[in-house]
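For reference, chains read A, B, C and D in written order, and residue numbers begin at 1 within each chain.
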């Protein structure tokens, strides 16, 4: 969706890298894990592997590759996530029931799509511009699903009383004492919000437009486990005055009393991680909190959540650099190590107080591909930044992630504002 | 919440007028109707009569009137709507099971509170300022419940296959042909949003703050039944590309195919109204649509919903005057009669695309009374204006009404923007 | 359904008595109580008043009274309980939403039906035999609904935190010390089960047929509150080995820890009764227990529930006489006063271990009226006897009452067998 | 539970045969299939493999084998089906979420248990009698689970739109024209019901006791697909008068319009089988009907379902011989081939009209093992006979199978009585 077109070689390389990575990311799984779905929102790894292939097949191979032969026509419905414009979808809550196609059949499907895609990218084509743009989108799409694969499998493994590790090797760093949190101050004023430039962005980051910001301050690191524990200990989950009404109702209905994946055994503070059950270290950022929890914690702290405009402005002012899975070790957020380690990227997504709405003048892409972002613009909140399982290439100052305020299975944390 | 303090005489007069009106509004009901609750959101008339008294008792009589004796201590829980700071609440979905206290007991409760309130307002008091402010708030609160009484009983009577009229006399005006809809254009720019002045406003209308508006246009009347019928006839409810994802899911789960209270019998287009079943007249504004329906209609029309900032700016620019139940005849929106009848007030609440969020620097009132507005600032959408059952005294340019986007039982309609 | 035909005068007298009694039974209610329904199974008093009239209208007036004019054609659907052969039914769970027709309209409906019925019974008619039989059935039907009116309103009033009394005068007798429970022994053998004789019975009591009973013993009175409390105190509700699997699951899902209507306040053992909250007296029979609770109590007692064959045989052997609401004082079961007060009738219905099944050769009546009993012959258990709110005319040795094993809102108690 | 004790060699041989068969039965599955659970009642194959091992471990190895070391203590909870006396259970509806332990770990668990069991059976032991009895029970238990494995995986594969075959080779026989159904007549009288003899039986088949049977007739074969289709074509699913009330409600709530696993494509009558989608052959027995469907079909046929007493008496009179999976070809019921092929065993389980209740004098075994049968004696119906996936060793005249009347995923069919 940007004018700049990467070279064919770069595009092919990015395609290969991303496609291979999806398979490699799952290498530690047992066969049964590939079909595991413990909640409607947590798709099985095998489904992610198939759906990302479906995306290339549906939006590139079928429209643009002459004589393309699908490996199985029924996959069109089976691996459609939510594109009504393409047709019917297999019910989302039943993805875990797809023991077939088997893993080897899905891997064959991937190879089939990869070969066809590489053929398509090689050939000359009247629609080369659209093909390139959509291939970039497909790559970015697959990287998003790589992140979801981590958070989904984490959620689904957590439903097993055996609490198996995704990758027992993935727990690297030693604990760091938390450093004191300070505040960065910003003047605001009439500023520009939204993407500008020549690289890739999603449609929801456009159009760039002016917004007026009053002066504000943002915390210079994320909230830690220790700070969040103090909120819990102070009766945070028992005091309705700290909570939005819908959040309070959610707590009561779901009996939430701590972040998702927090555990306690014999008085010991633990955390379920992708590396299995681990000590819950004070200095690491609290993660897997809902928007409601983030909001209540902020209120308890006599602070508030930032708006997405404030967050974006601050990142640009500070010149923060993207970090992510490919620049970190381990599959869990680490503590901020120094004053210049502000954790805008590479640790946790950060809840904002902004509802996910269209920018003034927003136009989704034409056709089914326009369902990518726009139709979700109600009832969700914007998160900004990126987590330890986001690729750094995706961690952009203008990227708008969005989830329902009750969602907790992403690596979502808290940055305070005031 | 404003500095201006009405005179004691004016306050007492407003208090009496409002309190008497609540009882008078219900005069046409059968005894069993007073306890009727057909959905969790639709409280029984008797409950409204009691809860509005509870509000004065809780926030004025108990804290400020020495030696005040409650008529029944159990009412504190029974008629608490949602104030956790006051204590427990009788479950909202069971309000219809309160056959007791009987209507006569509730009327006695009202008289008891009225007498005590009049006593409190007569006496000198150190806290006179707070007492006056809260009495004003209690009066505004009761006027809001009068509106809810109309929409709640309409909903609950509609659940009866006999479709009884609330007030068969309430159907006055003859049909008017719809006039052509035109557009009013506005420049926007950096403008002020929120309440300013010396009269009453709710805390959520503050603080006044700058926002930047790009140029926009608003329709000069509301969408009519005829226009909405064209949307239905064009397959509006069968085309997912017109809908937000949550709205589409809501349609499927609830099998919505038309606005609430639309009926069809033997091919005749009808509408259930407070005056019973009536012809569905083309020129009247469509009402009882959800935010999702409003949004889908706007998309179908190649338009969009206004933001609340746009709406407020337009009203101020146009110098629109409040109208309401007390300036209209009938209990149903009427057609726009002329070019200067823009229907900002007095017909239907108008869905905006704005999520209900705090204004920058928003601070709720201290204590339980601070639960009035602030805690609902998630998942709801702002509606602006006022309806045929809103008092004109409440129809303010800065008033922020809010409901969930799926809610349809209010007199909610559509004004297009582009 | 028996050949014996009462005289016209007796029939008319029974009709008048029964019809008048339905209205008189409700005399202590507030208007709003008439429409009260706190659970799907607990119909509002007004609905009972209307439905019993509907029964006469549907099965007698419409087929047999020439020129009968219904007062409102919509009542045919509105007050049909479950007769698919008659047509559609207003949803059972929405009976409490029928604020209209108002009480006075329902009373007018009753008078309209009464007059027409008296006219029908006066005239000569070719179908006089069927008319007489169905009138008897209608009378018995209305007496069943009188009992339901008591148990339904008791349930519905109990949902109100004010715990209002149905009739505060209805609490008469002083407590009696419980007498020791003894066992009556029976030989059994090949015996006859089912109705024989010339009076009225329901179709499900036929045909009379032989069953083989092994020797057994039955308790000579019902289980008392004191005995049941010992079961509770012994952890009865926490010991799965005492419970049927479905019963145990029901306990967990519904958090049952005591019979319905048991209360405890400040350590005091209380009971909600039709006379409001009262002391829970040791010697009174425990009532409002489910079949599961009865079964678990019996297992805990090293006993079991009787089969319906055993129960019927015992009553016939003992020559027990019917008692009921018309021979008792008060609206709550009283303690057994003496060794010959075996409480087969007039206190509580008694759960048997027998599933409600057709007798060999059972044939329901033809047409919609055949839906009266037969279609309920799955998943329910038979109760025998009669309660303090059953008319003595209905307390027959062969009467088969039936409810789901989880049902607790009837006056259901426990007689042990071994 | 019988006095006769098989020789040690025979017991060991039966143990080995049965244990090996469980694994062999699953040989055609994909790894992901082993964890598949499409409904709460349909356990995954891997779970069956583990639970049957758990049974031997819990009731034999832990109590009787000195120094037995469990392979993983957490399996005690994980693979406990419903034995409260043993302790907590992993929630039944989450068995499909157990991607771990992996299949290879479960197979290792089986080998561990097998070795220990063979050791236990080899050694001399004071409790040899109990050990032998329980080993027999464990073997019978495992054979029951083998049958469930077939019906569960059939149900779960049917939830996949690809409709994969369990074993594409398993569809053998050609269609046979249906032979005319005749009636076998029986005198009845006072007869004995329940198990007698020296072999194995379950506790619920005891004690043998007299029952009185009136003269009756039973169909000499099962109802066919063709006959059932006639019921469907005659509006059987739209006529409430044919149905028990609970059955009718079940139809409406679940939108049932045909037996489970019936399919129709382009007007062709098909059936999902363990061999994949196949033609629905007229002469084969209808299977996968609920008790409600069986009962409604019988009513439509002017017949009824047999009682379990009638069925058992008939089998004994006719001298029917057990058949089952090991004597059949294919994994689907075949048509009755001749007049003496009465299909009491080896085709479908046959719904009776008898509620599953204790026999007079029934006593479950002491301890947790007593939960095997007795606690399910409410709300279920008895089925008699055996199906094409029952071992012939289990097909006993006195065997009482039991399911809820709405259950359809077993090979359950219909034998008429009158």
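Following the convention adopted for this analysis, a contact is a pair of C-beta atoms (placed from the backbone, for glycine too) under 8 Å apart; a residue touches a chain by one contact, two chains touch by 3 or more.
Note that the coordinates shown come from a computational prediction; the quantities given were computed from them, not determined experimentally.
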> Tell me, which chains sit next to both subunit A and subunit D?
Replying inline: none
> Per the centroid of Cα atoms for each chain, what is the distance between subunit C and subunit D, given in Å?
Replying inline: 38
> What is the distance in Å between the mean C-alpha positions of subunit A and subunit C?
Replying inline: 60
>> Can you compute the centre-to-centre distance for subunit B and subunit C, using the mean CA position of each chain? Integer Å is fine.
In response: 47
> Of all the residues in subunit C, which ones touch at least 2 other chains?
Replying inline: none
> If you go through all the chains, which pairs of them touch?
Replying inline: A-B, A-D, B-C, C-D
> Which part of subunit D faces subunit A closely enough to touch in the complex?
Replying inline: 30-36, 38, 46, 74, 77-78, 90, 94, 96-103, 156-157, 159-162, 164
> Given the complex with subunit D, which residues does subunit C contribute to the contact?
Replying inline: 82, 84-85, 190, 209-212, 214, 240-241, 243-248, 291-292, 295, 353-355, 357-358, 360-361, 370-371, 375-379, 381, 405
